[in-house]
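Listed after this line are the structures, all set down as structure tokens.
The same subunit A turns up in both complexes below, where it pairs with subunit B and then with subunit C.
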Partner chain A sequence: MPLAGFSAGLVVCLFVGWLVFPQILYSEKTQPIDFSHKLHVDEVGECDGCHYFREDGSFSGIPRLASCVECHEEAVGEHPEEAKLVAEYVKPGKEIPWLVYARQPDCVYFSHAAHVKMAELDCVICHGPIGDSDHTRPYQYNLITGYSRDIWGWNIAGMSKNAWDYSQTDESGEVHIDSPARMKMDDCAICHEEKGTNDGCFVCHK
Partner chain B sequence: MSEQHHEAHKHHEGHGTKYKYGMVIDLDKCTGCGACMVACMAENNISFRKDNSDKLLSNYWMRVYKISNGLPFPDTEICYIPRPCMHCEGHGHHHHTPCVSVCPAVATDYDQETGIVSQIYTRCFGCRYCMAACPYHVRVFNWWDPKWPEGMEKYLSPDVSVRMRGVVEKCSFCNHRLQRARNKAYAEERREIHEDEYQTACTQACPAGAITFGDLQNPEHEVHKLKDSPGAFRLLEKLGTNPKVYYVSSRAWVLKAADVYIGEEGKGVTHP
Partner chain C sequence: MKMDRRTFLEISIGGSLGAGAGITFSPLPWKITDDLSIWTQNWPWTPVPAEGEVSHADSVCNLCPGGCGITVRKVEDRVTKIEGREGYPVNDGGICILGAAGLQLLYGPWRVPSPLRRAGKRGSGQWEQISWEDAIGEVVKKLAELRGNGKAHTVACILGSDRGTVPHLFARFLKAYGSPNFIRSASSGDTYELALGLMQGATASVAYDLEQASFILSFGSGLIEGWGSPVRVIRAHSMWRSGNMKERATVVQIEPRLSNTAAKADNWYSVNPGTEAALALGLAHVIIKESLYDSNFIRNHTFGFDDWGDFTGKTYTGFKRLVLTEYSPDVVSEITGLSRSKIVGLARAFAKAKRPLAVWGRGKGTTSGSLYECMAVHALNALTGNVNKPGGVSTLPPQLTEGWPEVYQDAAACSGCSMPRMDGAGTDRYPFTRCLPDRWPQMVNDKKNGTIQALLVHDADPYYTTLDSAAVAKAFASIPFVVSFSTYMDETAHHADLILPNHHYLERLEDVPTPIGLQKPILGLLKPVVSPQFDTRHTGDVIMTIAKELGGTVADAFSWEDYETLLKETVGDNWDTLEEAGYIEKTDYTPPAWENAFDTPSRKFEFYITALDQAGMKIGKDLDYLPHYEPVRAEGDPATYPLTLIPAELMRLASGAIGSPPFCTKSLEETELKGNDLFVEINPKTAADHGLTEAQPATLETPKGKAKVLVHLFEGIMPGVIAIPKGLGHAAYDDYLAGKGVNANSLMGVVEDPISGLCATWGIRAKLSPVGGHGHLG
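Presenting the complex of A and B:
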């Protein structure tokens, strides 16, 4: 009898902890525009058509409206999302308030140049196959900390789900990643340790 | 044992270039204007209060001290001593930087690649052991959350995180400027950072050109020569903290006040 009671209690706790609590902890927002990476990759080419390095070494993670305007000064197609882009942002000259899945806390410094140019990591290693997506996925954020769920990861138990564990290379040499990466300090540290890079605090903190 | 030990503890790891960043401050040039302090506060988002006159409670990373030879007019002389963090190296490969060796949270470390002593605000829990350990009174404690005058948040530097109440902070040799310089170098697919690409805010702000900053090990950097100039010394050298900030003065009373003895006097006093 006590065992049954304990088991029932455990089930309830797990149910609340794994299913109910995350629902309460994370809230959801939708991106201002439903953007198709797939379509744009087909039209523009590689990622660096929009996400490029500036002369000072900084990285255009979120391109400014000016990049969009290069093609979308007027609507080029019939898509309602494009019409929305032109009417709400391009015409009034207003920057699009994108929600950044990979935004790190204020104390973190990240150099795309170090990882892309020097370590020659592929974008998908950390960001997943986002270039193949047709729609923007919902942006989930922690109600207490305000951080994007992509930082903590989608496994509520916080199990290590590193992007590079999931990457698979098919016959054609293409890399596939099944789940969005987790971007916690541990994930950075594991790779830095493996590669023997400097693991001093001030390499990644500011 | 020692080779293995070095290997096991990765004392010489990282594939970046090795630097030993340091400073040489010419006390004969410093006029005590305080431009370095102001530049530092603006650069590093250092918080302040409406009344910042209580120097025991106010935060500074760079602080200008004033000493005098104590003689009556007309022989009075003043010397101003700008004091950033000394980024103590300690001796031997374990370093023993005073503040680093006492921190129970590993919130501060000695970077083998740059010689910079870090401070990670989100890791610090405010025990203040490091403040007690630092012989130079470099470290300051945040008694309050920062409160910026209306609209000033917009002027904060995005490259330096602001600190919350309850943590310790200190000079970082403007580490974010090194990060920026590295970023640019990497984008150009090179690893070395040139002398002019990484300079601290105080160095650039000093109108008298009293502060020189660079790689102490690199013969092409100005500091490499200056640190060996006559009258060069370091503060509390005999403690063995092995600081990376050097001072230069030609005035005997300044050297004496700094506990530096010349010739016979100095036998066995200063640390090797």
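Presenting the complex of A and C:
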């Protein structure tokens, strides 16, 4: 009898912990525009066509509306998402409230220049083959911390995986990145340790 | 299955254990722990600048007369950091704590968000937001009414300084409108300016070549605490210490208290407070007696060193005789409490140094001080001939607003401007003094020169900074119309009827004249590095609008379209350079050579001030024409008030018109400010005599006021003396800034200097009585 109780408790709680809890912990938003990286990479070139370094070495991050306006002052095609871009953002001059999958908590200091320029890491190492994707995926965020799910990683157990391990190509050849990388402190630390770079606290926590 | 009690317990316990195991082997507890820790490290309510493009913009800081160059780091339009500007001639990358805290002043809750009209009783903090048109309209209506009734002279302006285009606009406004009452806030510069005027015939401010001096004798100047142009002086100080001028300079501090400057000096001499002039003259005695002075300078370029006779055959005592007869080391030792041998040793060391420099101006120089004391110290520089020379003291003429058209004064303006000033400056009694910033409250209270009907305050906080706060409050209460142009809700704004808030200094364009004490003229430029955060307006524009709306000759005096046009026109050909570089430095400026440096009646440096007679000041005794020691009494009866209270200025606190934001107050020691309770310093011996122990609550009382304080025992302060930090005890601003400690100015009174009428107060008699309890004030 106690064993039956134990098993029932165990099963229920394992179910809750593994399956119900992640459902409750994360909520989901869609990006304001369904953006095709693939299309733009073909048009504009490499990642740094839009995500460039400024003259002073700082990283521009997500392009501002001004970059979009350079080509999309008026719609150049027929795509409904482009029409939406022009009507809702370009015309009123409103910045697009992109949701940033890879944004670290504020207590983390991260320099793109140090990683991309000095250590010569490829964007894909951390961000996965996002340049191949045709659609933006949903942005999931943690209800306690408010941060993107990509930081912890999509594996609720916190198992480390690289972003590209999760990308899938469907029958039509479109690439989907369903469950991208982890970007926890351990992931930074592993690489820092491997490369023998400084892994003191103050490197990332100023 | 029958559910009996036993089965129930078995299932429950088993179930609980299973649940525990299930939860443990699921990610839930670990993930929640991690998330909570992330959450606590990034409280969502802690403001964090939004992500965005980082940029840097150069400007100048004007939170004190230091005029440092700054570089502002911004993320998009949000300022995130203020740093010292590399390569700026004043501070080359350095910044002080207040300058760095400029951010808090920009974004803090003490900003005045829009024009405000008082809605409740004065000082009740009840305001009504009004439009700029209404606010300006009210000022214009009141000023037009007063002028129409022949009362233009009852309007007064109090400003932080009289240098730069905006203060000049106010002065011009008063001239065209018809009032003589332009007042600038007190500083040691008031007295030094007068001393230079009398001894050298110069209309100028004092300049010290600190960087090249080899022996610095400071009469209580807080060289590290924020004296003159603070960052520049601290940089000079590190040069003296490190000897990167090849030789290490010697620094001697004369002060009754072990300040930071005293602690870092080669020698610290604690003298009885208020006797510094006697010490200077004692040093002069030794220098003259031992012929250590610069005889060439004295013989050829000074007047009144030796006895002299006029054309009637009457003879007058010279400086030499006065000093030799009256200020022997024994006498001076008696007055100052410094031993004879120290006086003699100091005099010799000073006079024999290559480039000795005696500097004057107590603390940060926020009070005016005694004229004779200033002259006595300045006389030391003359004795060593270290005037207008590298490593010496020189003068810097004011940067005038050349090219502004003359003001045409109509009848109302002429008659208004011919009335006596409300502070009595420039009258027969005080003919040399331009304004008496600490005297006006008493004059207004005594109704000496009539009443003040309207007061306009810009870039100053007289309600807080003027000594004798009770008299100031009374004077304010008697003024029917008070207008503040303050950016912040400071004490004066809090007690005003109308606030027309100026842009913050990071939001506006304005010239910054040469920082105080610098030996080369520099014109700096405040630039709007961030867009205005609130509905504020540039006071330069506002004052011009007021003038234009008043019409007639007042409007005619302001033909410029707006302030920016005026500034560009004033700077003239140099505008492009100024705008691009952010400053213009006249590196080739050198003070005039001795032959034509002195514009006194004798065309020489005057130890004997002949100008005093020319102004019709019949003083009588020879003594009064010479730098001498005339004790400035500390107010109060020694029987009732057995101790002496002096102000102490700290490097981590602003002690002028700008309140110290939390960035500064948080840096104070727990023996300076604990919670909201202020410590006063007292020597352990004196404390024991008065039954006081460390951290004990006590009542500090002076003839001017009373305050609850905590006692800090400090070996570094002279017995019998209490020191109170300046710059705390704000009552306005907001909860973060107000209510911390006590305003030292509220406990001090004004003691007038006999010649200048300026405030010569250095301290006041006080008593300190224990009130029981321990550790904090109830």
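Odds and ends about this structure:
One rule holds in what follows: the second predicted complex is superposed on the first by the 186 of 206 C-alpha atoms of A that agree within 3 Å, B and C clash if a C-alpha of one lies under 4 Å from a C-alpha of the other, contacts with A are read in each partner's own complex, and residues count from 1 in each chain.
In this text, a contact is a pair of C-beta atoms (placed from the backbone, for glycine too) under 8 Å apart; a residue touches a chain by one contact, two chains touch by 3 or more.
All values derive from a computational prediction rather than experimental measurement.
In this superposed model built on subunit A, subunit B and subunit C take up the same space, so to speak, and clash. In the superposition on chain A, contact of A:13 is made with subunit C only, not with subunit B. More residues of subunit A are in touch with C than with the other of subunit B and subunit C. In the superposed pair of complexes, A:118 makes contact with subunit B only, with no contact to subunit C. Of the two partner chains placed around the shared chain by superposition, subunit B and subunit C are both touched by A:56.
Applying the stated contact rule after C-alpha superposition, one finds that A:21 touches subunit C and leaves subunit B untouched. By the document's definition of touching, neither partner reaches A:93: not subunit B, not subunit C. Of the two partner chains placed by the overlay, subunit B and subunit C both lie in contact with A:107. In the superposition on chain A, A:198 makes contact with subunit B only, not with subunit C. Shared contact residues of subunit A with subunit B and subunit C: 56, 58, 105-107.
Taken in their complex, subunit A has these residues touching subunit C: 1-18, 21-22, 25, 54, 56, 58, 60-61, 64, 100, 103, 105-107, 142, 144-147, 152, 156-158.
Contact residues of subunit B toward subunit A in the complex are 10, 13-16, 108-114, 116, 118, 120-123, 159-162, 172, 175-176, 179-180, 182-189, 191.
Subunit A makes touch with subunit B in their complex at residues 53, 55-58, 105-107, 109, 111, 113-114, 117-118, 196-203, 205-206.
Of all residues in subunit C, only 7, 10-23, 25-28, 30-32, 34-36, 38-39, 41-42, 44, 48, 51, 53-54 touch subunit A in the complex they form.
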